[in-house]
Structure formats: structure tokens, C-alpha cells
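Down below are the structures I want you to see.
Two complexes follow with chain A in common, the first pairing it with chain B and the second with chain C.
On to the complex of A and B.
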């Protein structure tokens, strides 16, 4: 050892190594620690931003209480929380197949918006002219087609010319927004560009239970279906292979172009379903803000769950929980409605950062202990 | 003044918002990091600058000090955001898309909270005239060309010169193309990534500040900033990753974006209400077109940096 020290090779105090096997219990503990730490920092930031809290530090308990209150205090809030979670979950499911093949589709916002537009277009033109059940089917099919078309356009170019899909899908979001505002101008002659709630084409709630129950059940079924599709079918396997290595896929005879296009169609169809749920199930109308940024949040939800549909129930629940809790805070403490974004953003930083401590480990140099003793 | 010349100057002034944003994003992307947090960073830049102006407002400082302190506030706040992004993506090797999106959520939200507490009569009314020097008194479009516009053009040209004409730029591009090779020749990859991201964020943040205090100069300006941020990311593609090209590109974008409201004032052209959204769609469609054409032509110098979006870990093979 002493001879080694004489050589002038500088060995850093520690270096990083990738963990080969991740202990699930340890990973869960790290994630929980990160969320707790994030919540503490949120408390500090809220302390700085909210005057009411600043003047009366005793209210900090109320601050954290709001998180529980926002989602669980009344039955109505609980169902609303579950509904928000279901919609977010549905869009997150939609982005997942593409992400598993490392196709960075960040256009779920636009694809879902087109789904809403598709459904509402049918309701607008055919509402009252065809039987209601027929209208509902037409809306559903239109939503699927609109979503799939919007998703498949970037995929075609990616497959054929390797066009950067991240930037392409990002742009498609904005094109979708203006397509919607175009139709709103045409449909609403008064010039206000806000379409009132349509009378026809409402997805009827189940005869029992809450009005949102049907939506929640649909998303639950889709979650299981997607899980099976990704894990137990040949197509799902092909997606994973393409995601791991395009070359490996080519050598083993997988038609990569076909897989890319097919997977994006699946993604687009699921976005279409989400659009249908928003358009027909909830709003019966369309605005440029119908999806309200959930297409972007879904990317984070999907990534946090490691692209596993079942795990996404937890992560979409977490994000919805934080959102409604933070909304409760801005209501109770009378601060700007943008505060939820700040709180969710801070906690996301911690969750994103903690993945590092799950996947990497510090390897300290062996002589470090000896030197410290000196 | 001629309507068309007015229109051109206003497009230039409007485009400067994107020019700042995309010059910053180009520097970041050249280091191999796709920073989708730019909208949030621009928002926080605007918030930081206006926060400082709000604080120093009652002091009646000399004009040049107001300009410098305002810019410093914008720079500090947006570089802080850049630091969060680079710590997460460079040191902690987090997914860049996810980190960027979280940063945008956070930045846009925090900006709105900050602006709800600022007083427009303090941060906007007085400083607006100072920032619009030297054409503050004009009533035509020239009034929009304020101090920060010229600073922006200078930054874009300097950034291009540094990137393509100096050793530092060469190294930075090497980091973005292939960090493994750059590391092997002894370039400090982490340092370059941090610096490029933070300086890039600072430049983008100035764009947000410019938009609020100079170009739009209204108290509702901050609400439209996020959309301009996304458009700045689009402009990077349009400019083919060359900062000086953003000067031309941003003018075209400004032209396309504002023509829906401007074109109606020109005689002989009638714009229906329905055509407006279609006109506003143009910048995005043009960007998609550029993206497709460059990928089909597949010229090496027009491509995104090769390792864009990938985290670098030395021990990974």
C-alpha cells in the first residue's frame, strides 16, 4: 500500500459506478425520502411566498393538511381526484408504448386535443340528427382516428428519414391548438370563440355509483390491457427490442420501420380514447385548453413509473394528489392560482434527482479510511 | 413611414424575443442537452429582471444603472434555473426531457406567483422609457427597437463566432457530438456542459426580460411568454443550430406570428376571422417543414448534435 501512495497517480476520493441490480425496497425508500424532502422544501418556499404563512408560522400545519384535504376531505373531492387521476393515467398509458421503444413522443398534448376535437366535431354536426347511441360510437371512432393520424405523421417521417421525433411532435402540439381555434372560429359565429356545452353526445354514466365511475373503470381496463400487450405479446416484445437497440432488432429480423409506425398508431389511439373521455365523458365541448398541459405531465408520470402501466397508477395518483392538494392551498391561503405548478415542480425535481441515487453508487477509494485516520 | 417597412421593423423587434431564446438553447444543445425548460427559464428571466426593477424603482437610479441591474436580475434568476437543470441532467444524469418539462412547469408557475405581487407602475412605467432608448420618443415602429434588441443581435453574432471560430467553441461542439471522445482528449465534459447550459439559460432569460419590459411592455406580457419559449425551441431547428441564423429566422418567425394581426391593416388584403388561426399556425408548420427537409437532405452540418438528449457516463460502454 505504501508503495502505491508514492506513485503520482491521482485517485479521486470516490468514483461513480452503475448499480447492476436495483433493490426494490431500497429504491422505494429513496423515492419516499425524496418526496418527503421535496415537501419540506415546498414548505420553505411557501413560507417565503405566502404572506399569511409568513406572519403566522403556526399555520404551517394547515399548509400540509391541505394536501390531504384537497383530495380526501369530502366524497365529492375524492371522486374528482379519482377522475383527474384516471384522465392523467389514460394519457400516460398513451405515451408509454412509444417511450418503451425510445421514441420520444412529447406530442400527447396535441394528439389528445385532436381526439377531443374529433369527438366534438361529430357531436357538433350530427348531434340530434342521429340516435344518441350511434352518435356516441361515431364520436368514439372519430376521436380514435384523429388521435392516431396526429401521432402517425411524425412516426412516418421518423421511420422513413429518421426525422427528430421530439421536436416534430412538439411542433404538432401547437398546430393542433390552432386547428382547434380555427374550428372554434367557424363554429361560434359570435366571435367569442367559446363553444358552449353541447346537448348531445354525453357519455351516459353507469346506472349505479358515481358519475365518474365509468371513466375510471374504462381507464382501469385499458391499464391492464396495455400491461398485457407490452409484457406478453410479440408486438410488445418487439417494442422492447427496438428500444434496447435498433441494430439488434434489425439483425433479428424485426422490421423497425413497421414497429415504429405501429407503436405510434397504438399511442395515438390511446390518446384518442383520452380525448374521447375528456370530450364526451366530461366537457361536451372543446377549447384550446381542453387537455390543459396533461399531455406533458403524462410524460413525467410515465417516466416515473419506469414505463410500467401498473406502476403508473401510483405515479399518476401521486401527481394528481399533489395537484389537488396544491390547488387547495392556493384556495385556503388565497394566493395565485399558479402555486400548484411551483409545488409540483419542486417535488418533481426531487423525484427526478433521486433516480440517480437508485441507479448509481459511490465507490470510495480503498485507502480513504487509512488517510483519514492519519 | 411605409407600412411594409414598419411591419419589417416590428417583426425584427418581435423576433428578438425568439432570437435570445434560441441562441441560448443552441448553446445548450451544442453541449448535447435538449433543454425543454427554456419556456420556464425565459419566464423566470423576465420575473427576475422585473423583480429587481420593482425593488430599485423608488431609488431613482441613473438610467444606465437601471438597465444593468435589470439585466443582472434576469441573468441571475435564469442562470439559477439553468443550474438546477444542469445539476439534474449533468451531475445526476436525469432524463433531459422530463427534467426540462418539470423546469417549465416550475418556472412558469413561479413567474405567475411573482408577478402577482409586483406593481406594474413601478417596474414597468418608468423603466419602459429607459429600455426603449434611443427611439423612445418615436411613434412609429422604430420605438420597438430598444437597448436590449441591439444587445440581442450582438449576443447572437458573438455566440456564432465563439461556436464556430474559437477553440472553446470547437471543444463545446465536440462535447455535444461525442462526449466520450471529447473526454478522451482531455476536455472537461462536465465543465463545458455546465457552462454552456448556464450561459445559454442566462441568454434565454434575457429574452424573457426583453419581451416583458421592452417589446410588449404591458403588464399582461408575462402571460404569453410561455408560448414564445416553445417557439424559441422551434427556431433552433429553423436556424440549423447556428446562432447568427436566428437573426434572420426570428424575423421570419416574428413576421409569420404577427402577420395575422398586422396584415389586416394593409389595404387590399382582407383577412377573415377564420384565417387568423391558420396564419398563426405558419411558424410551426414552417419549422416542421425545415425539420423534414433537413432530415431528408441529411447533410451532416445541418443535423442536431449527435449525442443530443443522451446523458454522459464515463464508465458506460
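On to the complex of A and C.
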């Protein structure tokens, strides 16, 4: 009797338990269900917010069709989708080594922006004065150096004085933005702070295929290289050990400071490549908005893919797909640019939320009681 | 009789055919609009309203207009323009200064489509047949708004309510850039035309849209004894600072009377609807679009909002009508260099000024702009190029 009373007092309606083994099939099904549910909720929200929809509910088909239309309806859109995905993938690759080490680097935005600035600095001062192929190499090297330097500063502080890397890398983003503003003031004496497209330093497209094909192939190669680096090299293994436990790493003779700095240099170099692709391959210019928040989106891409470079192809593809679809909705339904953000936000909320249900389960009192009775 | 009926029928048929073909041509036009931001920015909202008004006036259908919002000043702009061309647009318009080089790229790739760019400077030198620039002589609108400000200062002066000895205005600007310099100078000259001893302080924010910075700048100017504030920046920062401090405000881009009922006097703005109508009509008729199109008071591109009688000085409306008529008739010039003491630089009259009209990498001044007793603003190209620092205006900082 007393025992029964005890359980009824202490047992809540339900409690959470971490799943010990995650069934991959079940996990995949949950993820798909989450995306479907997210899309349904998006439809409902859109129905409430978009005038054209609630006046004409038959257009709900068009609404969902926008997602397909945004990325796949024309050849140009398909290539643009692949290009967006490649740039996002490149920045996501850059944040990954540090994340695997549990070094929370949220400075990819600034590191990439510095990469763009590095490339454009060369194009601005040497464009037309040195042969184009030489300029392209100088731009590439400058982008790598700028990106790596911007990444290694917080890493040095972390390694030497154990400063908080999240805050430090975040602040470096703002500093990078102001550095770009500063150079725009110097470079554009008319005062408009708009550099415009430069005449020199364009990464030439491949002699065949689409203009964006080269960028896509470069990122594909980087993806494979990073996968091999993280999975099959000693340095990659050291990153994982430091990520698991700094103490274990120290005990097994790994120089943790060295690993932190080296890994952030790798991150910075990859951001530099992304900056080069944006600066030389696409915009041929720099603005404070050149990276456009992709440095932050990359964090979600990398995290959703469980820090696996190959899986990131799927997640960066998903995010780019959602973004183009949402922009298409804004265009076709003639609604404010804020609505796409709401739509992408809702879907991301479901995708991220479902990870909770994959890793945890609810244990209800009733079933617990039954188990106890047995 | 039969003949007459037949003739009538033929005539009616011809006539309806004519009307039909004319409207069919309008119906063939498809307008694509590229916007830097969306409705949340007063700058972009002004363009969206312009498109909607033009669509209503021309009777275009929904399918004939596509708007792409939040397009950054990068390769994205070229992509967006080419995508609009894929969708069958015959005119593609972009609204931000930084879009220009990217839109020009798209124009070179699609010679059969007309490309129009607001606020740009390159069309008259680029040599690309289907690429055009447009702006409005907004300095005339600002001059008129300045007249309203000057009248208010006179009223304060007579009532003995000036904070200092001389009437002092404050101006919140975005960048130290020709468009802004031309704007605040014409505003100042408008005020000076009715209130000769007025002076002005200008504070730059270094951003086209930053609510907090603009509010801080306005508050600082008010604290520095300014009797009236105006601004050239896109947020509600300066107007709301004025309402809080009960200081009269002359606004820009649109009326702020709803949130500032006690302090809003009047605002000048560019109405883009006439330009949109113009380009659609030109393309429908198979005519060329001007390389540089400058909207004026006459084309109804430069307009003033309703005057808020509660804040404005008595007789403002009548005075504005009078000055407007003089500007229209050409008897009054905004940048009047002939009248002694009206425009001076370091105490001397402005007899000659080389302006940077043709865009080049080094920004070299290339065109003499002072002639016939006035500075010829927006005549050699549509975008403003008046960037003279004149006496009476003190720049508290510079932001490029």
C-alpha cells in the first residue's frame, strides 16, 4: 500500500528518456514527416496571411508548386539553385572542422567577407596592370590569407587565454563589415559607397557547360577532400578526440592548442575559398552584404548534416531549395519579402524540432505503471 | 441607306480594330521590377506604390507585372533580371544605385528587352542601346519644402520662439554624396529664399536606413539649438525624434502626419508612376525610351504631400503655389547663382563649377555646370551631380 502511494506521488504524467539506439529508418521517417508537417503548417499560415490565397483557396496548389518552380522550372533556375547550393555548401564545409572539435565558430560570415575583400583588393589595385591569369592567382591567395587570418585571431586567443570563441568570432563578423565599409569609402571618392562590378579579375567559366559549372565542381571536390581529411587522416582523428574530450586528448599526448589553431586555419582557408568564389566567380565586387547571412545559415546546414560533409550536400540543397521556393512565392503572390522568411523559418523549426523526437522519447505514467506491475 | 450602313459598319470595324491593336500592344508589355528591399523600407515602398498606380492608370493585368523583392546589389541582380527576361518581361526595371553594373550586364545579354535603372549614372556613356537611366528633379521639390520650412522659421521668429539669435535648421543626411548634397542644399536655398538669415547644420549617419542612428542624429541636432529638422534618410527616426521634442519637421518620401500630427509640416517625394507609365507606353508604341529621363514638377514626378495646417505657418499653401508656378515657368531657379549673396562659396559667388557627370573610374570632374546664371542640375544626366559645399551650411561630420 505504502509502496503504491509512493509511486503515484513521485511519478509525473510523463517523462523524457534519451533513446539509447536510434533506428535510422525511423529517424528518416520522422524527418520526412516533420518536413511534410512543416509544409502543411506553412500552407495554413500562408492561407491566413496571403490575400490572394484566402480569396481564392484553389490557388493552394500554386502555392506548393512555387517550391518546385523556384528551383527547377527553367534551366537557368536550376543552375542558379545549384550555384547557391554550392556557395552555401562551401561555407558550411568551412565551419565543420571547428564544430567537430566543439569549437563554436560562428564567424564564418566575417571570414568569408574578408575572403571577398582580399580577392577584390587585388582586383582593385592590380586589375589591368598584371596579366589576368596572374591577377586571378593573386586574388585567390589574398582571399585565403584574409580568411585564414580572420579565423586564426580568435583561435589564438582561445588557445592562449581560453577566451570565449563564440563571442569572439561573432564580434569579428562586425569588425569585418566595418573593414569593408572603410575600404569602400577609400575606393569610391564620390561618396556612394558602391564599388560596382570591376572590369578585371573574373574567374573564367569552363569552356563547356553553364557559367556556374566551375564553381559547383570546385565545391564538389572540396567536399570530398574535407570528408577524407576528417575521416581518414590523423589530423581529422585528432579533431574528433579534442571534440570528445579535451582531457582525453591531452592524456593521449595531443597538443590541443596546436589542434585548435590548425583547425581554425583550415576553417579560415575554406571561408577564403568561398570568399574567392563570391568575389571573383560571381560579384566581381564587394559590399557589406556580399555574404548575405550565409555564414550563419551554414551553421544550420552543418549541424543538420551531423557535421558530415557528404550529408551536407542534402542539407545545403534543402535550404537553398526552400529559399528559392519562398522567393518564388513572394514573386508569384506579390507579397512582402518578409513572408519567405516566415515560411523558411517554420519549416526549419519543424526540421530542428524533430531531432528532439529522434533522440528522446516520452515515457507516460500509465505505461510506466504497467511495466512496474509486471 | 444600305451604303451608309455598310460604310458605318466598316468604319466601326476599322475603329475598333485600331483600338484593339493599340490595346493589344499595351497588353503585350510585361514589366519586371527588381527591388532592393520590400515594403518595410520607405524607399522601396515608394517604388511599389508607383508601380501599382501606373498599373491602375494603364489598366494592366496582374500577369503583366512581376516584382522581385530583396534583390541584393550583386550577381543576384543579373540573375534576377535574366530570370525576368525568361518570364517574358519586355521591360526590366531596377531601383537601387548599386544594381546598375549588374543590370547593365543583363542588358548586354538581352538586346531585345528594355532595361531601366533608377538613380544610375552610366546609361549616357555606356553605349548600350537598351539601357536607360531615370531620376527626378527632386531638388525642386526639396526647394519647395524648404520654402515651407523658411515660412515656419519666420513665424517662430516673429513669435520670439527661436532658440538662438538666428534661425537654425538641422538636417539628417545619409551619405556625403551628390544626391544628398544636392538635396540638403536645395532645401536650404528654399528656406533662404523666404528667410534670408537662416543657417543649417548637417549630420550624416552613413546609412540609408538606420532608425536609431537617424533618431540620435536628429536628437543631437535639436540639442544643438536647431529650430526645425529635415532629413534625407529612409526611416522614421528623425520625424519621431521631432515629435518627441515638439520640433517642426519637414519630411521626405511620404507624409508622416499619422505618427507626427503636431510637428509634420510637409514632405517632398518622387512619384515614380509617371515614369512607369512612360516606359510602358513607349515600348507599347515601339518608340525609344530616353537614355536619361528626368521627372519634373511638370511631369508630376516631383510632388509635395498634403500640408499639415496644424504645424505649418499660415499662408504656406498659397506661397508654395506661387513659387511652384515660378519654377514651372522657369522664372525662378533653385541653384540661382545670379542673385548676389544667394549662393556663395567661401564668401565668393559661384561663377563656375566642373561637375562629375560622366562616370569614370577616377571620378574626374568633366562638365561645366554653371551657365546663364544658374547651376544646371539634372540636365546633363538625370542623377544629381550638385556637390558644392556652400556657405551657411555647416557639416558636423562627413560620411562617404
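FYI, the second predicted complex is superposed on the first by the 351 of 374 C-alpha atoms of A that agree within 3 Å, B and C clash if a C-alpha of one lies under 4 Å from a C-alpha of the other, contacts with A are read in each partner's own complex, and residues count from 1 in each chain.
Just so we're on the same page, contacts are C-beta pairs under 8 Å (C-beta built on N, C-alpha and C of every residue); 3 or more make two chains touch, one makes a residue touch a chain.
Source: prediction; values computed, not measured.
Shared-chain residue A:346: touches chain B; no touch with chain C.
With both structures placed on the common chain, the touch criterion links A:194 to chain C but leaves chain B unconnected. In the superposition on chain A, contact of A:255 is made with neither chain B nor chain C. Chain A has more of its residues touched by B than by the other of chain B and chain C. Legend: residue contacts after superposition of the two complexes on their common chain; A:185 is shown touching both chain B and chain C.
When the two complexes are overlaid on their common chain A, residue A:336 makes contact with chain B and with chain C alike. Chain A residues in contact with chain B (one complex) as well as with chain C (other complex) are 181, 185, 191, 336-338. Per the touch definition, chain C reaches chain A in the complex via residues 37-40, 62, 66-70, 72-75, 79, 82-83, 86, 97-98, 100-102, 105, 175-178, 206, 356, 363, 387, 400.
Considering their complex, residues 74, 76-77, 80, 181, 185, 188-194, 196-197, 282-283, 285, 287, 289-290, 292, 327, 330-331, 334, 336-338 of chain A touch chain C. Interface residues of chain A facing chain B in the complex, by the touch rule stated above, are 15-18, 49, 104, 106, 157, 161-164, 166-168, 170-172, 174-175, 178-179, 181-182, 185-186, 191, 293, 296-297, 299-300, 303, 335-342, 344-346, 348-349, 352-353, 355-356, 359-360. By the touch criterion stated above, chain B contacts chain A in their complex at residues 34, 36, 84, 87-88, 91-95, 97-99, 101-113, 116, 227, 230, 233-234, 237, 273-274, 276-278, 280-281, 284-285, 287-288, 291-292, 295-296, 298, 304, 309, 313, 315-316.
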